[in-house]
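After this come two complexes, each holding chain A, first together with chain B and then together with chain C.
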Partner chain A sequence: MDQNPRPTGILHSLGEEIIRIITPVSICMFLVVILVSILDTNSSNFSSFNTIATIAYDESTSDSEWDKFKGALLNSLVFVAVVTVVTFLLVLLFYFRCTKFLKYYMGFSSFLVLGFMGGEIGLFLIQVFKIAIDSFTYVLLLFNFTIVGVLAVFMSKIPILVTQSYMVIIGVLTAYWFTMLPEWTTWVLLVAMALYDLAAVLLPGGPLRLLVELAISRDEDIPALVYEARPIVDPRRNSIVQRRIWRNVDLESTESSQNQRIIANAEEGQRIITNAEEGQRIIANAEEGHELTAPLIERIRDHGLVGENLGLEGIGLGSSGAIKLGLGDFIFYSVLVGRAAMYDYMTVYACYLAIIAGLGITLMLLALYQKALPALPVSVLLGVLFYVLTRVFLEEFIVQCSSNLLMF
Partner chain B sequence: MTLAAGIGYVLLALGTSLALFVTIISTKPFLILTLLSSTLVWLISLIVLSGVWRVFLPFKTTAWWPYSILILTSIAFQEGLRLVLWRGYKKLEGILDAFADRVAKPRLYLTDKMQIALAGGLGHGVAHAVFFCLSLLSPSFGPATFYVDKCSYAPFFLISVISLAFVTIHTFSMVIAFNGYAKGNKSDQLIVPVIHLIAGTLSLVNLASGGCVVGIPLLYVVALLTLAYCGKMVWRTLTEAQIRLAYQDQ
Partner chain C sequence: MERSSEEVIPSEAAVLITHRTDPIRYNQNLDPRLISTSSLSRPEWPTIDGPLGLSEQDAVGYARKFFGFGFVLLPLLWAVNCYYFWPVLRHARSFPQIRPYVVGSAIGFMVFSAMLASWALTFTIGGERLFGHTWDELVMYNVADRYGLTGWI
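Now for the complex of A and B:
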């Protein structure tokens, strides 16, 4: 019937990069929700869960609401202060060109996350499902799993799917540990981190802004754990380009056939300080420096035509770009959704939609302003707003309608 | 009633949407974005409605008229929102066509436009199924089951059956509506709110004791009618377009 196959329309490839970022974020959130539902821990099991985030105040269910809020505020302030200090430390190290040290530290942190956190969660799962496995086999499997993960983080010759999967797994593990914090602390911490992110990236003295400017001026990588949607193949040399975040901005050059524009927005990654102490149930959160999670949303565009200026490409809907998103974003989004899952699934759906909407808005702002932008604030604030609205308004409405089999 | 039953109920409500998603929508990233945005819009409309109605709930009476006001206002609000969506879609179409011209690719085909409308409708349907059905299915993954007094013929979890009908209605009425607005066809434009209203009022029948035996089959009749109407309309539009193309070629 169709004699001439008609040319493919624009709908085929429009919006591809956005989907390539939304998919792993969704998978990460989904896995955290599943973990939270399966390992249904309540506060009584983890009454001695001490981390840097609960140093100031340990929430207990018997306190009044106002006390809980004050305590949570104190906790968040301490956490944000620690994060700020370590970020400035990172900027200092980067300034003194200790990049090798930072890279090794990054590998070490991912080893801790995969090995110890992953190992503990694996133990919980074994308990819940009553899997018959002996400790030697388990240690062997865990060790192999961890080492492959560290290699995936370090080397770029590993297939991209393996690297991406390990990034998502590291995000899931860290996010799950964060959901074990007490409730009020988690919510106030999320909002505090969103505000801190806003300040760190946009204020002139903010650590992340300094970091980004340093990296641009030196044309170097920031050593960080970043999820990249696809590898960048350099057509001139036909080889996988090393994972470089910054490159010479060469907008109008007619000499090079390759016209690359980088739009980046750096943002914070969270850090958790490790205190590996055995014999006590002081659960350590691996320290991931900035290195682990310097969430950068960036797009590397690569088009052969010089001087092309497509408005829609700026929204990230171009056909050959690649977006990178830092792991801190993954983690905090998943913490929000995981915490919502501890209440009810309706809040999970609402928060998921809010976070995706926030991510979309951030990407559009990125295309508009073309400078470093934080990815946390919009999504987290929207997510918290939708959580509160759902819990207060929507739930009662829906339950009333559905229990009477009334729908529209 | 265990994991298998829970998954069964979920798939009952969302199975056809999943099939549509995998075959049509997942191949084009833009359609996935459309689906997500229309789901979000529906959620926002639900939140606004629940914010307005929160003070009056829970209803103290078992009379049917407060519920009918609830349904009427909700449906009116959502149909108004559909008009807003149409305006937004027109603007988007303009942007996309301009973009297509700049990259020297063909403009949006008719099937592309209908697919966008389908994705929008599916977004609405999925939002309905997720919030009215899925969020209440969490107990079904456990060991017991639950019955409501008014409809003791089947477990409560058969709300997924109702949701399936509504998903169909939402999905295809969006296609009908967008086609109607594009052509200026009054009958298409009017039939969509009417269908929505009929479906909503049919669910009021469920308030009566034992009413669900009557209400649910009638609802399915409405859903099938929507499906048939949409199919006929799409067939008519496509054959018209093909005749026009053949005429131009001569």
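Now for the complex of A and C:
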């Protein structure tokens, strides 16, 4: 706790910010892996898993691989088409300034995810572990959990830790739902979403790019489900270190609907925009007196970072130096790792490292190019590549080594 | 990407990495001439998020609302209220406007969770011997099977 600033510079603060975003991503992936391991759904009757992602083709184990691949391709195309339409709808709504509607929609979708998905996964866990809880207690706990979660998503005046935890939980629940898709569909869907993200952000007509440009031109925030890391507060001066170096945006909408019920989840995808405002200002130098602190920090907050959850900022530094990451990223990373967990833990380790490496690469590219970049492609494509390589090569190698008692 | 190194946060990484912004530490790190005016029993910020949280004037409204809504069978909201305004709870005689609501939330949460825990434990431990036939009807996994609650996915 020394007062003298150590000459650590960028590595110290940027490293810490990166840690603050890698930690929740890792926790999300870890929880999904645990859920997948505990609730073995392959053996259950999930042939009746009807969603929009399997509407074109329902995979069964008896088909040939080429058939499965074609079916999966069809499914993914349908899904990506739906996502594109919904994103354009989002752009339209944002253009007509229906921000309130979008916020309520977000709250509603998080209510559905937390209430129904959370309830069902809770029921699965109860059945697996034979927990003798009675229905009143369970309903009460679920009710509490859901309502507080919706409040955490809606309002900004909830403890930051609670909001962050609920974001991670929503990511875990949605990712678990995605892992229940058939195998080939999942992998092809991941690749398709990565490519879609690439197209939607970089192409001039891409919906995400339009959305971000709208947001920047109006200097507003898109209402979106976004995980926001804690901004770094300079303890010497009891104020928020403000860095308007980057302003990154992540957005994507995914929609999944089922035959029996429609769940519309408007989560955010990946889009990174940098607003190259250099410089760094320390706000409210406390040595000048406490009276200045409160109003100036209010002004920073009004810029919508820790603000009304209208944060669209995805990966990168918001205007207060807080890293934000869209929830769609959490979900698809976790889906990848969860699907890898359904095969073996070896693939989990490989895919986890690939995703984290992809995340780091994306941040570096962001620093390099200073413009809108999608963050999903690098991680997902690396992850899929590592999964395939692990299954094909590494497993064979490890098995041979173990069976010949060479290495365990 | 440019940052002037002297303005980057120095050594308080330990404070920040643990994600706890204890307002007392902030007071200790301030300029010495301010420490005398801000004693340890008077934290600056009423919320646990420190300068990232609410100011004192806004806090009263939120504390009151959380306390009020907690009565709709939402003890978790009371718990969140206590967690959020932890500096208020910890330091007696600070923030006199907020304190009654936060203390009320703490008491409410403890009472409610005691009742709920006693009921849940009675149910679990007592089992069929205590409840007889109705135990099977009330227990969650049977309810789930009966109404097919896990088949929605």
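To be clear about the criterion, the second predicted complex is superposed on the first by the 299 of 408 C-alpha atoms of A that agree within 3 Å, B and C clash if a C-alpha of one lies under 4 Å from a C-alpha of the other, contacts with A are read in each partner's own complex, and residues count from 1 in each chain.
Here is the rule we go by: a contact is a pair of C-beta atoms (placed from the backbone, for glycine too) under 8 Å apart; a residue touches a chain by one contact, two chains touch by 3 or more.
What you see is a predicted model; the values in this text were computed from it and never measured.
Asks: Give one of first, second, both or neither to describe whether A:Ala224 is in contact with chain B, with chain C, with both, or with none.
Replies: In the superposition, A:Ala224 touches no partner, neither chain B nor chain C.
Asks: Thinking of the overlay built on chain A, is A:Ala367 touched by chain B (first), by chain C (second), by both, or by neither?
Replies: The second partner, chain C, only.
Asks: Going by the contact rule stated at the top, is it chain B or chain C that touches a larger number of residues on chain A?
Replies: With both complexes superposed on chain A, more residues of chain A are touched by C.
Asks: Could you tell me if A:Leu394 is touching chain B, chain C, both of them or neither one (first, second, both, neither)?
Replies: first
Asks: Classify the contacts of A:Asp134 with the two partner chains as first (chain B alone), second (chain C alone), both, or neither.
Replies: In the superposition, A:Asp134 contacts chain C only.
Asks: Answer with first, second, both or neither: which of chain B and chain C does A:Pro159 touch in the superposed model?
Replies: second
Asks: Look at A:Asn144 in the shared chain and tell me whether it touches chain B only, chain C only, both, or neither; answer first, second, both or neither.
Replies: In the superposed model, A:Asn144 contacts chain C only, not chain B.
Asks: Once the structures are superposed on A, label A:Met346 by its partner contacts, choosing first (chain B), second (chain C), both or neither.
Replies: Only chain B is touched by A:Met346; chain C is not.
Asks: Is A:His12 touching anything from chain B or chain C once the two structures are fitted on A? First, second, both or neither.
Replies: In the superposition, A:His12 contacts both chain B and chain C.
Asks: Which chain A residues lie in the overlap of the chain B contact set and the chain C contact set?
Replies: 6-10, 12-13, 16, 19
Asks: Sort out for me which residues of chain A touch chain C in the complex.
Replies: That would be residues 1-10, 12-13, 16, 19, 46, 49, 116, 119-120, 123-124, 126-127, 130-138, 140, 143-145, 147-148, 151, 157-162, 177, 180, 230-241, 243, 245-246, 260-261, 278-280, 282, 286-287, 290, 293-294, 297-298, 306, 367 of chain A.
Asks: Sort out for me which residues of chain A touch chain B in the complex.
Replies: It is residues 6-16, 18-19, 22, 310-312, 317, 344-346, 349-350, 353-354, 356-357, 360, 386, 389-390, 392-394, 396-408 of chain A that touch chain B.
Asks: Mind listing the chain C positions that touch chain A in their complex?
Replies: Those in contact with chain A are residues 1-13, 15-17, 19, 21, 25-26, 28-31, 34, 44, 47-55, 58, 62, 73-77, 80, 83-84, 116, 119-120, 123-124, 127, 138-141, 143-144, 149-150, 152-153.
Asks: Where on chain B is chain A touching in the complex?
Replies: Interface residues on the chain B side: 28-33, 36-37, 39-40, 43, 46-47, 49-51, 53-54, 57-59, 67, 70-71, 74-75, 78, 95-96, 99-100, 102-103, 105-109, 112, 115-116, 128, 130-136, 138, 148, 150-151, 156, 159, 162-163, 166, 196, 199-200, 203-204, 206-207, 212, 215.
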